[in-house]
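Labels run A, B and C following the written order; every chain starts at residue 1.
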Amino acid sequence: MKPSSPAMAGEPSANYNFAFLDEQTKRMIRRGLLKAVAIPGHQIPFGSREMPLPYGWGTGGIQITASIVGPDDVLKVIDQGADDTTNAINIRRFFARTAGIATTERTDRASIVQTRHRVPEKPLRAGQILVFQVPTPEPLRWLERREAETRKMHALAEYGAMHVNLYEDIARFGRIAKSYDYPVLVNGRYIMSPSPIPKFDNPKLHMSPALQLYGAGREKRLYAVPPYTEVKSLDFEDHPFRIERWTEACALCGAGDSFLDEVVMDDAGGRMLVCSDSEYCAERRAAGHRGKAAP
Amino acid sequence: MSRVPLLCAEGVAKSFGARVACRDVGFELHAGEILGVVGESGSGKTTLLRCLAGQLTPDAGRVAYADRSGALRDVFAMSEAERRRLARTEWGFVHQNPRDGLRMGISAGANVGERLMAVGWRHYGAIRASALAWLANVEIAADRIDDLPAGFSGGMQQRLQIARNLVSEPRLVYMDEPTGGLDVSVQARLLDLLRRLVQRLQLASVVVTHDLGVVRMLCDRLMVMQAGEVVEEGLTDQVLDDPQHAYTQLLVSSILPA
Amino acid sequence: MYVPVKGGEQAIDNAARLLAESRRGDPAVPELTLAQIEGQLAHAVDRVMAEGSLYDRKLAALAIKQARGDLVEAIFLLRAYRTTLLRFGASEPLDTRRMAIRRRISATFKDLPGGQVLGASFDYTHRLLDFSLAETGGPCPAAAKASQALPSDMPSIADILEREGLIEREPAESGGAVADLTREPLRFPAARPVRLQALARADEGFLLGLGYSTQRGYGNNHPFAGEIRHGMVTVEFVPEELGFAVALGEVELTECQMVNQFKGSAAQPPHFTRGYGVAFGHAERKAMAMALVDRSLRAAELGEEVTAPAQDPEFVLYHGDNVEASGFVQHLKLPHYVDFQAELVTVRDLRREFNERAAGRREAAE
């Protein structure tokens, strides 16, 4: 029995391999990732391991990061766009502890950005890797619950039913009402779940210079979008894809081009809108930008 | 005249365990022709239909279909991808229970439009216009287009299922007891509608039924099945007016005089 | 003035300390030892080992202590630890025919070679709270010893039926490697060895409910508890350098052979079929439920009509793992601000458009 402290903080543990996973497992995952990169948007089954964080909390992303991270990498972890949410802190500390690597909150300094539910506002550059945590990798799951059938639908590119969903939205609401986890067609071939990012972030996936890796731990799937790959959000010719827009700018930094979170100020309905991307907002404020509620 | 048939079956056989569902069934079906398959329930009609439609692999025999290019091709030698493509473009399948052929959780319009989207239609307005036209063809009011089929009567659901199948302008439609489970007056209206549609669209069809009334209204030719085997076949009027086989005579005599 | 919340790291550390304090409970009460958990909460240890897929009583006891008695959490701890362990190879298949029996019963024959061995069981007790257990330090109970040892190769009921050709033969060993679900993803169609593996790791409560559903008409498979045996089995391993099997030790197992009716088919006369369940430790409920579900998952292969959830491999195998299920259900506690915000924006827009349309209709009507 190996002694080990259950606390998450502290020195890299001598009881575990670098970045927790053993080297054979990392190799297996990297082979899966190579395959995923070779067939953009196609889901690759992989031998997902039981991790010390719960399923649904980022085990897929963590396994990818653990498999590609080296001692010289600099890791940024965000959840809901922010570096300071509990899950982001937990995952960052997991790697600081098991791999002893440098972490950062700055997108431009990170070599790997692991994310849940957002793509950073600041454009990524070539050489960076964006790792997505994915709960439900199968975009067809809500139409067809059987895996054997959805795999066949992908293999034969039988994607008509996907548009049936969009049709229903337009018939009922006059427009496509899907707001996040908005399905995309990758490289003109595979329909892919972009993970539950808001559709606001979908255009950032298109022709991105960075490598995008997607991991679903519980569902045991990997997929990828290589740099400079076409990623098209599904739509109709007469109802083109559109992203959400706010009538206000960020109350702290004044940004008018970022995804805004609503903060409830009091119980009398007082609300303010602030950047969901905490780093973007802080950097703009440091550069002297001011929103209407800024000090 | 030696036209290539649209559908050609030879020696089709299928068993489930010890039970023989059908044995040595063969026929040719030409474009625009309606073939009725009659027999009591359990006589193997539905199994035969599913074998013809590529949904069930027969134990023996061959099913060949001539696609738009005109060459006869073995349905079970095709890739599954091709079979599935045919099933949603050149073929239709009308189930006895409309719930098996419709998506109950989506609107009538989407039910009709699905095949169009499956073959690449990406213009909402065009899909909707086509759905509206087809709802009109099957006598469903335009203002029901956004309603769920669950709220439709049995006859309406069946008409919706027919529209959903015909929207892609198939050449061959398989029908499994299309009027089964409907009231007599509703049946008559549906049959009348079906007859007009198959004539107008020059559809070929294989219609499985136990109802000789359906056969008389709809079918050019007729096959009578008993215990998995074809016991008699011929032109509809000929078989019904002058049945040769004892089983056919029994079937014909068991319908009430009109 | 609004200031975004910071300092999550400190809060997490504080929460971890509070958890440690709560785990310890009243310092005036002596701390639980692993030996106590291992010895006196043996069923809990068994379940954590079985669903944690790791036979180690001490680690299971530690996990139970760390998880404050939350067994699903303890299973999770053990599974995560298991990930880091080196693989030396696969053992030889266990020979449960040579089990050192502690309990062995059959519901299909009143008496049988080897006899009914009741062993330690709740089955024959009155479920009355025993208030004498509320006090510690009572006399140490001692059980009577049998006059003679049990046979070392207790015949299996299934073997007896098989000799008469009444039950299907156990499929011959394929010899091929069995997929390891902890190293490879589940794929469909899933062969029986893979299904059995998933069932052995599956949540006991989930299997119990599913097995029960087959007894209530949702995929009936007419079961008889052919045999349930519990005892110790030797684990053997063939090291490459030796080339012959050496005993590594013993594991405690519970095995259930369910015997089920089968109508037969064109090629086969009526006969009995098997459902199989096995679990680490003494876990009869789990082994029996597993055997029921194993048999019902064979419906398609045996040409039976598939109508019930317990007959649907994708449904059963994808939803039976409690570490997966617990994680995904509880992930709803994680922040979903961004998705919720995206939904808020959409719902507000849709409501505004709805109201505008309604207002337009009112104007048109006036």
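One rule holds for everything that comes next: contacts are C-beta pairs under 8 Å (C-beta built on N, C-alpha and C of every residue); 3 or more make two chains touch, one makes a residue touch a chain.
All figures in this text were calculated on a predicted structure; none of them were measured in a lab.
*Asks:* If we define chain centres by averaging CA atoms, which chain lands farthest from subunit A? Would you check?
*Replies:* Centroid comparison gives B as the farthest chain from subunit A.
*Asks:* For this structure, which two chains have more C-beta pairs in contact than any other pair?
*Replies:* The chain pair sharing the largest number of C-beta contacts is A-C.
*Asks:* Between subunit A and subunit C, what's the gap in Å when you average each chain's C-alpha atoms?
*Replies:* Between these chains, centre-to-centre, one finds 33 Å.
*Asks:* Measuring centre to centre with CA averages, how many angstrom lie between subunit B and subunit C?
*Replies:* Their C-alpha centroids are separated by 47 Å.
*Asks:* Help me check something: in the complex, which residues belonging to subunit C touch subunit A?
*Replies:* By the definition above, subunit C touches subunit A via 1-2, 4-9, 11-13, 16, 58-59, 62, 66, 76-77, 79-80, 82-84, 86, 182-189, 314, 318, 323-324, 326-331, 334-339, 341-346, 350, 353.
*Asks:* Under the stated contact criterion, what part of subunit A meets subunit C in this complex?
*Replies:* On the subunit A side, the touching residues are 1, 6-9, 16-17, 20-22, 25, 45-52, 54-57, 59, 79-81, 84-87, 89-90, 93, 116-118, 135, 145-148, 173-174, 177, 179-181, 196-200, 218, 220-221, 244, 246, 251-252, 259-263, 265, 272, 274, 276, 278, 281, 293, 295.
*Asks:* Quick one: which bits of subunit B touch subunit A in the complex? Just the residue numbers, please.
*Replies:* So the residues of subunit B in touch with subunit A come to 80-81, 84-85, 88, 103, 106-107, 109-110, 113-115, 117-119, 122-125, 127-128, 145-146.
*Asks:* Which residues of subunit A touch subunit B in the complex?
*Replies:* The touching residues are 152, 155-156, 158-161, 163-164, 167-168, 170-172, 236-239.
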